[in-house]
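In what comes next, chain A is part of two complexes: it sits with chain B in the first one and with chain C in the second one.
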Partner chain A sequence: MKQKADLAVYQEETPRVGPPTDPDVLLDVRNLQTHFHVMDGTVKAVDGVDFSLKRGETLGIVGESGCGKSVTALTIMQLLDMPPGEIVGGEIWFEGRDLLTLAPEQIRKIRGADMAMIFQEPMTSLNPVFTIGDQISEAIILHQHVGKKEAMTRAIASLRAVGINAPERRVKQYPHEMSGGIRQRVMIAMALSCNPQLIIADEPTTALDVTIQAQILELIKKIQADSGAALLLITHDLAVVAETVQNVAVMYAGRVVEAGPVEDVLLRPQHPYTLGLLNSIPALHKRGRKLDVIKGVVPNPFRMPPGCKFEPRCPYAWEVCRRSEPDMMDTPGRKSRSRCFLHAAEGAARRYEFEKAAVATVTAGLPEAQA
Partner chain B sequence: MDESTAAPEVRVVESPAALEQLLAEHPDYDVQLESLNQWQLAWRRFKRHRMAMVGSAMFLTMVAVGIFGPMIWSYNYYNVPLPDQFVHAGRPPMLSPFHPFGETMLLQRDVFTLVVNGIRLSLLIGVLATVIATTIGTFIGSVAGYFGGFLDTVLMRIVDALLSLPLLFLILVFSRFLGAGSWVTVTLIFALFGWMSIARLVRSVVLSLREADWVDAARAAGVSDMRIIFRHVLPNALSPIIVAASLSVAGVIIGEAFVSFLGYGVNPSTPTLGNILSGAQDALTEGNWWWAFFPGMAIVIIVMGINFMGDGLQDALDPRAKI
Partner chain C sequence: MARFIVRRVIAAVPVLLGLSVLLFIFVRLLPGGPASAILGQHATPQRIADVNEALGLTRPLYVQYFEYIGRLLHGDFGSSYVDGTKVVDVFLLRFPSTIELTMGALFFAIGLGIPLGRIAARHSNGLIDGIVTVISLFGISIPVFVLGYTLAFFFGVQLHWLPTFGLADPTLGVPAVTNFPIIDGALASLQGGTTAPFVDAIAHVILPSIALGSIPLAVVTRITRAAVIEVSNEDYVRTARAKGLTEKRVDNRHIMRNAWLPVTTVIGLEAGALLAGAVLTETVFNINGVGSWVVDSIRNHDYVVVQSLVLIFAVIFMVVNLIVDIGYAFLNPRIRYS
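Entry: the complex of A and B
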């Protein structure tokens, strides 16, 4: 695994036209906008998301419920119900093609074969009336054009790869005969079965209990490393992100607010929202104290603040933040980028306050500080 | 487990109690759990449903009579014996000459022959019309439910429109003017006007099934919409379809009897249970009760059998039911 990811992709300023110039870039999402048209109006669930992912790299998308991270994943897979969903704008470059310009027929050929998805709910993501062997081999038959027998052999092999005992017996079983952890392994085997370039895991451990979570995360990391596929991990759990991915994008209200290598973002947060998230993690040294929370609530999707979307909850906001919205900005001395005026010229004076808080938060959480 | 030993003796037991007993006798036995698929489970529940078994017995007996009766019973019902007097009163059930259900008035036809052939044709019409109607209804309902939107609206308004037509008159008119009493026409009419309720049922089931996570998972695996509908969604919707279809057989048999009784159905030269009854109308007042009684009983037994069976199927196919 490349630990030091090249972050040139985070630093491009002008919107690019055409496929990404770097052949190493597998997935390039640009200014993606997905809206939902509902009775009360339009919800801009994803409102201008940019990120890119190189071959074999891992990227985590974090954010609280409703920030648009799942919708981003579903948009990439083109699994949205349309209507009410609508992809209003943007580009999704995958393997040199813009997915948003492809016909449904071509998308179907890519789905399952070149990019696969692991879902959140293993208990309900398997069809109850088929054996798991049938379900895994369906995709294999579909994409790799092999016979039933060969497909079953490959299904058994992929079950073995995800650490399931006696796969020859398991393929003949129905989903209801398995526990949640085993089913999630089956889902991973299914995603893996056609050797995809990209694996999207949408909260793969949320529905599992804690001991199983660790196993599944280990497994995802292992298969990612073994297969060389890129991994897009969607989660609300910072611990999961810290453990699993190289790069991370923090989303808030439909936008990426901070992106960079995971150690920069988690140890040297550059956006007040990221700092808020880190602050609200329960920790040993906070024992006996009230949990810190980010004050306020996520803005009403129908009445988004005119300026920075985080401004109403941000302890560092000032009048600039109310007037206009910041772009993604470089952060001095760091590899991550942040959507915050603290990093613009006019915020320079206020940045000290923020940095102090960030350092305090992070160092308090470090093991030596707790000891 | 040692693979090298010769094929071990395998005993299958179904209940924990039976297993305990077996283990008490043979403590050295290896126990392996065999899992049952949903059909095996359903069959188990069905077997324990007493009314369902009674109903199936009734229905299957009638099916057997319909299939084998005309082969075995020697009176050719086309060969009508000449009446030995102008108005023949008909003869009651008797053993010699062998007319177990008696003879009809007027043409002296053997009622048993009529009933056996009537059962055959009535069942054939009922089953065929149901198969066609269920196929149409399942296709339209699942497509409407899965895709939703404009297609759903159009298809369901067609269903609404067809359901708001007075079906009985429509069937009467159609069978009067088309095909002149051929049983094929009657079957088609019942099929073409009988699929709407199945379509509504299937649509409602598919509407909820398509939101399931495994539908998204199948789409994510690159499975096409049509394949998702017919290979993934419909097998999950099979239980209500089977129940509705089995009950619809009874409905068509009664409907056919009704239409034929009014004289608009299948031509009396080919007996169905309905047109036998139609011919027997006047005979009742003449004391010739057996002409109407036996075909009437046949209808009752078939329809009751199907209804019991459908009831049992409903319970057996319900995955939430206890084994």
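Entry: the complex of A and C
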């Protein structure tokens, strides 16, 4: 009863538009807001995030530490600690249902079965006291309603699918008997084991050796292509995004500031923040020069700037940016959208300077230019 | 695992040898001696010398030591200087009571401490957590004899709910088969077709167990609470939730199996401390256990009895620790092969 009452209030505040009309859309996140209530006040970690993901599609979310990308992922999986976390508003449509209106028991049945998650820390994400066979088959028994033996057979099969040698032997081993790379493969096998529609990978390669990173990325790409699952890849690494996904959303201070096909966003950036990220990638042609960094720091979550959240650090900001916050805007002739006044009517005069800098950065960074 | 146990047993030998030397010296450093204890305070020096001569205490210490060890190795724990009873006989008669009391206390501490700790962890920093914290603070700070007499007064003297004297009612005439009151009571119940002896034995052990178990209860509660809170924040618990497991399964399996590790270690340490604490409880509840015997023997300078009893306690302590370590290795695959 209580939940129903809550829902009514909720509906008054934000009119719901119902499930996405396009049946191909698997995940549709609308105006998602996740806040953390801490001692010093409320941190709006995710503050109105929108994006959608079609079946079999891949989407990357990039941004600095603290921009809310991991919280977005955990909110979708409903794995946040509440309190201190609270999902304040928004909708998460997944396979025609709004996850935020479902009972915990219904979410639990979706979690691990229809959507699965790969975490950042393979060293600590597996339970040290159970064999990995136990840990993989546990989810299979739960969601696919098979016996222990059949589940173990499937666990072995999924270990084989992620390229682990002698999986029959590996299932009997404990996590401490494996390297970080193998453990991340195990995590991927676990995520795959119930054939999910959506795989969320939260910084899956960050904790790994550079040599292993490439292998794991290749593996994620391969299993995504083989299984046909949609992939939501969360990373701070633009190179990973460039190699792995079709679409990308750049997040800053709890919001998406630029989104679109990966080649548009990375080669024709429209938001000064995206350009700043591209500039700060170390590259061969910049050898010997000081690394370009985005000036300043991420704003204090308790004292967000009143206008555009990036304005204090933005070299192109002017008066209007301090006053109000831009919406996501289209740019003529581009598929990507961005949250910047440069692309509004009042920014037209300043746009040229930005475009010039963007072209300079991108052409200098192209492989041909580096060679 | 067999190799692990063998190694531990071999490692115990030098420890026990060293302990036997220390014990041998320490009991002889005590002022006075067995002769004055036997003869009383008005004994003449001549009589004392005669008794010491008769007991073989005038010979060089190393001769006495090797003779003692030699007899130990033949399974002879010696006899009391004071009343001539064999240590083994008295031990077999009294030790089961101490074991029963200790097990009762452990059962109480673990059986109540782990659920309490889990409840406190689940509601950490809330009202229930606060109540549990107060209970465990009481458990730790009230001395065993105060708690013992208080329990005996309220539940025995005032309310007449539970017996407060010994571990069995002697008027029931239960035959001593194993000397474990509960087992003997159960046997008598089976033979006599009445539950009375068994129920009587259980009723007798309740109050002493609570008195003795209050400190380990507090320790187990605190450790369980801390372990559960710590494990709950681990990444692998989030992984377990991400798999869609029920909260109950995450709790019982993924959290508790890991939380058991520190709890097991603490239980092992407390089990050793319980043997020591049993002395006081046995006194309060008039239980004919080993504890009171050790105290009497020290008072009488009954060298052989003290030496043998403390050595036996040491062996028991080692066995308990070995069992705990085996349990730990069973729970924690990371140390199984080391």
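Just so we're on the same page, the second predicted complex is superposed on the first by the 354 of 371 C-alpha atoms of A that agree within 3 Å, B and C clash if a C-alpha of one lies under 4 Å from a C-alpha of the other, contacts with A are read in each partner's own complex, and residues count from 1 in each chain.
One rule holds for everything that comes next: contacts are C-beta pairs under 8 Å (C-beta built on N, C-alpha and C of every residue); 3 or more make two chains touch, one makes a residue touch a chain.
Computed from a predicted structure; not experimentally measured.
Taken together through their common chain A, the two structures put chain B and chain C in a clash.
Residue contacts after overlaying the shared chain place A:Gln33 against neither chain B nor chain C. Once chain A of one complex is fitted onto chain A of the other, the partner contacts of A:Ala139 extend to both chain B and chain C.
Residue contacts after overlaying the shared chain place A:Pro83 against chain B, while chain C stays out of touching range.
Comparing 45-53, 63-71 or 207-215 from chain C against chain B in the aligned model shows that the clashing stretch is 207-215.
Residues common to the contacts of chain A with chain B and with chain C across the two structures: 77, 79, 108-113, 116-117, 119, 121, 124-130, 138-139, 142-143, 174, 187, 190. Of all residues in chain B, only 35, 37-38, 149, 212-214, 216-224, 231-232, 235-236, 319 touch chain A in the complex they form.
Of all the residues in chain A, the ones that touch chain B in their complex are 77, 79, 83, 108-113, 116-117, 119, 121, 124-130, 138-139, 142-143, 173-174, 177, 187, 190.
Note for the complex: chain C touches chain A at residues 234-236, 238-246, 254, 257-258, 331-334. Of all residues in chain A, only 77, 79, 108-113, 116-117, 119, 121, 124-131, 138-139, 142-143, 174, 176, 187, 190 touch chain C in the complex they form.
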